[in-house]
């Protein structure tokens, strides 16, 4: 969601040109969703599920529950455990059906009115919706809706869906289908209407969404790790283009959209999903180890030790080390107590090279040739710092190996990427990138190597494909808002504090 | 505003049948508004103005400012000084034009999304609006708007106006006129659009709204006391049916509605307005003293001392004492530190008759015949407690005198009144009311006496009238929502916490 | 208490040369105390009693309860209702005996460690103490205690008492008597030891302390209004030099100190005590009216209207108006919603003459000769502003009448007064003060007139005297710390935040 | 510190018999300390240093700085980043010398008055002290001090030191030496007096303390990782029995205590210290790997995969896997977003086996024989849950290997251990422990194996020894408080909230 201009920013500002103060060298999944129908304490289970999905969005969280009579909502900026851990909050979220959402802010100021699930008071009754993905024609649709008199209350693309539903007719599912026929983009949705929980995955299935079961209660979740945390069992993935409706009579499946070829986001395997999740039938941890092993074959290194950049680089580093038969060591120790807003060091202190997040484990580094394994390079800023830290700890040589191809294109399907110009791989080849980050060598897995690690012979349009637009520029869904040349839909500029 | 069902309550529940835990024996003005165009630090002046209007609404406050480029808003539950007193907040509300609002919650749960000014992102740009009053056909209009696809985000009647404007055409003033032509009710509005502050008073002028001036800057405010606090001068009342548009070219006046006979709320003189305000050309303090004097003539008492129920009964008691030539004493001392949420005493303690708000000044009471003067009786609960306290302090006799006629009808024009059944005067005459509150005698000023105190010979439809529906049942504006027999517009029931 | 240097200030800074941002023209009582033995929910009753005593100290409050096994404490900066109104807090303060304290901060930074009751872990067990007054030899004693190895944890003079007790011997009462024999000053104390509540009043009885009864439970309180709030009855004043011990066997009285002539603080009648309290056998409200009447006789005025400076000037103004037969009007309206920390207006706004606390009731003032009645003038800053406000509202003449003699000396017995140099009356006579505050005339009641109003023929050392040092400079207790010429006991300068 | 009875607990309650709600299967280091002299922004550097030491104490933190004129303190319950990350806090902690402390609470209620550094206002001036360790004769000393009239304000053993200093004579260092000659126990102290930062390590050197340097500024810290975070260099360990005084003239060393044989805590290597720290000349990470390898030799296992219990078991598991030539896999994924107070699941949910902290990585476990490596077993509760989780994920066999000998004795030197009775190893051998935790086999490293891994031939009193009392019961420092048979020094029971 939310490729729109953010409140408080000028219209001419690029919507995604924001900086992430605390980790600017990773793409960010923007959302995780969870829904459940059945148990009396459904909100407590949603809170646990969202907690397991916290890696998909850490800046805001929300839950809406339905108790047979009314909807009960709580939304907050911050992490799930900070706001949904008290009995008082959970007790107020009473109901046997509930959905929830975790999200990233992609602008400096996340405002509460943008926190999902969004709630709308439609003609047929209340409706709550939570969205993982991004609509690529949201501006265009919004302009038309505003012209006809719709009042938008948030700057999220998700609200386009509820307005389209408001102007539709028939049942909640009729209206949802009518609305989704008009939108383009990548989306995995969970929605809550009067006594039904609904799940939808876009026709290409770009973002994940799985079905689980706990006793007789059905569950929808972005990843299987959210089923594990509550002891639920995995049933199956929601299929691309499928609408799943869960109610007191169990689960129904609709397929109102024309069949299309699946294009699942390959970056979910590389970085976004949790390693203990099983995504599209594959263990994420195992996939990462296989990618690491393939990387070792494609880009071997005559080094003394393989060191992962924690924590996301660990499985690929293990795969690399096993394949290359080089010892694997935790050469970088991560501080688990990193607050999200630790002191901004003064200039005087900053030049000391303060290491809030990571520290070199000097005993494993000094005097050695090191292979550093990481999952991706976005701007390169963190890579540069880590290479410098490893050198400062006494490494003789530092060889960087990346378990993804160069990220040379922006994502418009729900991942927060910088504008292309900010991507280190946009204008640099591996050698010049190596120089920029200060490594003795730098290698990325090839796109074909990546597909090989995923069990295919190569990237071949004749075979099943992933969405790999960030590596290849092959965008499977039209970028309507981008291509119409006009500025985004006119938005009043409101900053709000509360 | 806000005669609609409140979130978190069932549909069948009467919208106004709420209890006020801390003072259930006064009607409540529901809102105060303030707007200013011109000064650089307009939000700071709005905060001060709202502070002076705090008696018109103590449960929430909001300010929206416009800085030439964007709108900046802050809204909060609580009093003005609690949330708008820090430099940090005021600095963020930058802009040379700003409006603000204080409000009562009429339900146990006030939620932030209902706090005004409401902001809407209309096709022509941003628009903020703050409302004092109540629309009497809001449900009916809302039903139609929802049917055509409008999504409501609050449960306030004010939002009906912005949706009507969204579906209109032309300039912001064109759309506002189009919208107001459709609404019925009592309203004094201030609005903020791109570089204009707008004030409107309904065609009958039920609620007050005045124009002031500070240097070259024009001001709109509910009462003159909000001009005094910033040293501004009073210019004139906004006239019934008038729209005032303030911008960089000064002030313009429009009168798009057909002329009607003014019906100003007489209860503003009796209780709502601050005694130091001048309302409709009359000093409120002076009017209250004259009402007290008239009451002394109509309902004399052979007592030793006149004691006001603080603080609102003081001016009428002074008028009564002067006219009756009986000594005036502060026989009841009010604790100025009463927190709004002081400890709920346990049953054990409660039966002690804890006196958080008032204490009898025994030295002035013991062994005397007392005339107690208050402004009104709603449910009678507080009157009963005060009479009991005065007796407990040793009074020989307690005679209650009320400076308004019996409140026997509900208000639907912006005052929070209980349902008629809860009004003590609904089924009781003065004698039985005296028994119920435990007084030796009880007298109300007559309706004609009240008009006399206001300078007219009597209440006479041939002469100018006030809105006195709460005393007479003569409602000057149709009660469309009430009379259509159907339940209020279907509203999803959402409780929200944040 | 607390005439010591405040933490966070330099040693050379005068301890009392602080400014009070929100009302710098009144002396401030520094504390109120309350204790009760018997009821199960004693802390709830202490909270209510402190609430009634809130006028004696608004910046911090604390309660310590004893439940037969352990002491339970809660202390907080702020008002009673802000911190002691929740069931959660009260429930944790379980116990059948409890004491409490409200206090002013006399420095910009009140720190929690100075909030009373202080708790000490003495050899015989726990001991909590709350103090209203000020010790005049605290530095001297403290120096000796530090020399022998005592570690002070607060900067209050009260802690001197607990350290003296720690170095004593015998029972808690033995030690308390040993300690009090060494201290000089004015004090009304309540203390809590294992199963006993203790009350003490200094040998001159400068500060008030009363005994009350609720059922079978005995109570100690600074004023009778704290008995009224819980429906308790007044028993008698604690006598000067008396120690009262309340326990399971009822109440005992000790008189271990030599008899001295009582010197009760006369300013308690003029300003500090609540008007509904009965102090030393006299109604405060009635005393103030009698002072006002005497003032009218001593300093009549040919005016049209008598206007009190609210709220403390009201009873004296009523007395003045009755005696002078001039109409009494509320010519100044006080805003009851004044937050303690409302926005500091910018320079631009400040010059507008913002009136956060008071507004002139112009209709009662315009074109009239006004007598303004107030209780005292300290620095004169507020008086000047109020006179200016009255003139700005159109008064022809403004005559100021003060219901106390000129305050020309500092208090060292528990009232926060500025250094002498800052007192307007220090170097100015009434005429030059009139000019400084802008009044057409200014008159104070004479010291003999004040004694007359209190029922004596004049101030006569042969007759009973009050402590009137702030008017006469006749200090009845030695000012040891002041006179020893050395700087106050060496104190490390610790600022603390938590 | 803090082996004393905790406030709010009954006297008969064992001081250490507390439960840790969120991780009851690890011993807990109770404190970390940091001090620096020199830089202008010393508090900012202390905050960073404490952040790196956060693993040594997560429930409270404090900093005291000295700015040449006064001491500035901030103490808070919670983590460093939560309370010391704002510019506002750091700016108030101005000064060129500062010390800080992180601590565990060992009772359910940590109260602010126990948070260190403690501050005392001694005769010579202010003095702040922070303590890592525990005094074993604190009660005995405290009894004597109370008898002579000392008033204790906290329940920490640290306060005994400041009271001993208060009753001493001479300079701050003189008094500190006098005080420490009287205390027994394990302690690493940092202290702050007027313009000096002081470090002390007890004569046996049980707890770590290192000297670092940043430019010309000297630093004291519990571990080297706190030097790394600010880019400071390691100079040397403070030696057992050494006092280090840092001031404007640089660093001085004193050795006032008789020489003794060093007994460094071996558990610092096994679990407490951060793996990237160098402790007593040895890399902690490397030591853990060597222990894991020795464990593999002593207790081999014919398994398919070695899985560490994250995060502390990882280095030992790597050492085990390398030595045993069995693949190492992350079979347990830890949720890094675990809040300390996440929702207490209702009974209904709890039985689902909610996994807030860990999730099994099923793909690495299913159908395999698993070796689980952990660092210690205390009560065994977590081990049981983890074994069950691994089995539930499909493991064929689960073999547990522990990189420490059985923990069969309580620690009284600064580690929070349960009473002996609660230790699983107290009455159980390895086989019965295996049954209790549900493992197919369980083995601990032997005490001699542990010494071998640390580079010695065996545990031999003729050779250098560690403090290994928790494994061997060989306590090198007398347990005076324990052995005197009397209950701990009489303490009033005060609970306090603020």
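Every chain is named by a letter (A, B, C and D) in the order it is written, and numbering of its residues begins at 1.
Please note the rule applied: a contact is a pair of C-beta atoms (placed from the backbone, for glycine too) under 8 Å apart; a residue touches a chain by one contact, two chains touch by 3 or more.
Given the structure is predicted, the values throughout are model-derived calculations rather than measurements.
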If each hop has to land on a touching chain, what is the smallest number of hops from chain A to chain C? 2
Note, CA centroid farthest from chain C's centroid sits on chain A
How many angstrom lie between the centres of chain A and chain D, each centre taken as the mean Cα position? 37
Rounded to a whole Å, what is the gap between the Cα centroids of chain C and chain D? 49
Using mean CA coordinates as chain centres, what's the chain B-chain D distance in Å? 61
Touching two or more other chains - residues of chain A: none
Which of the chains are touching one another, listed as pairs? A-B, A-D, B-C, C-D
So in the complex, the part of chain B that touches chain C is made up of which residues? 39-41, 44-45, 47-48, 51-52, 54-55, 58, 79-82, 84-87, 90, 214, 225, 228-231, 274-276, 278, 283, 285-286, 311, 314-315, 318, 322, 327-330, 333, 335-339, 341-346, 348-349, 352-356, 359-364
Give every residue of chain A touching chain B within the complex, in rising order. 8, 10, 69-76, 89, 92, 112, 119-123, 125-127, 146-153, 162-163, 166-168, 490-498
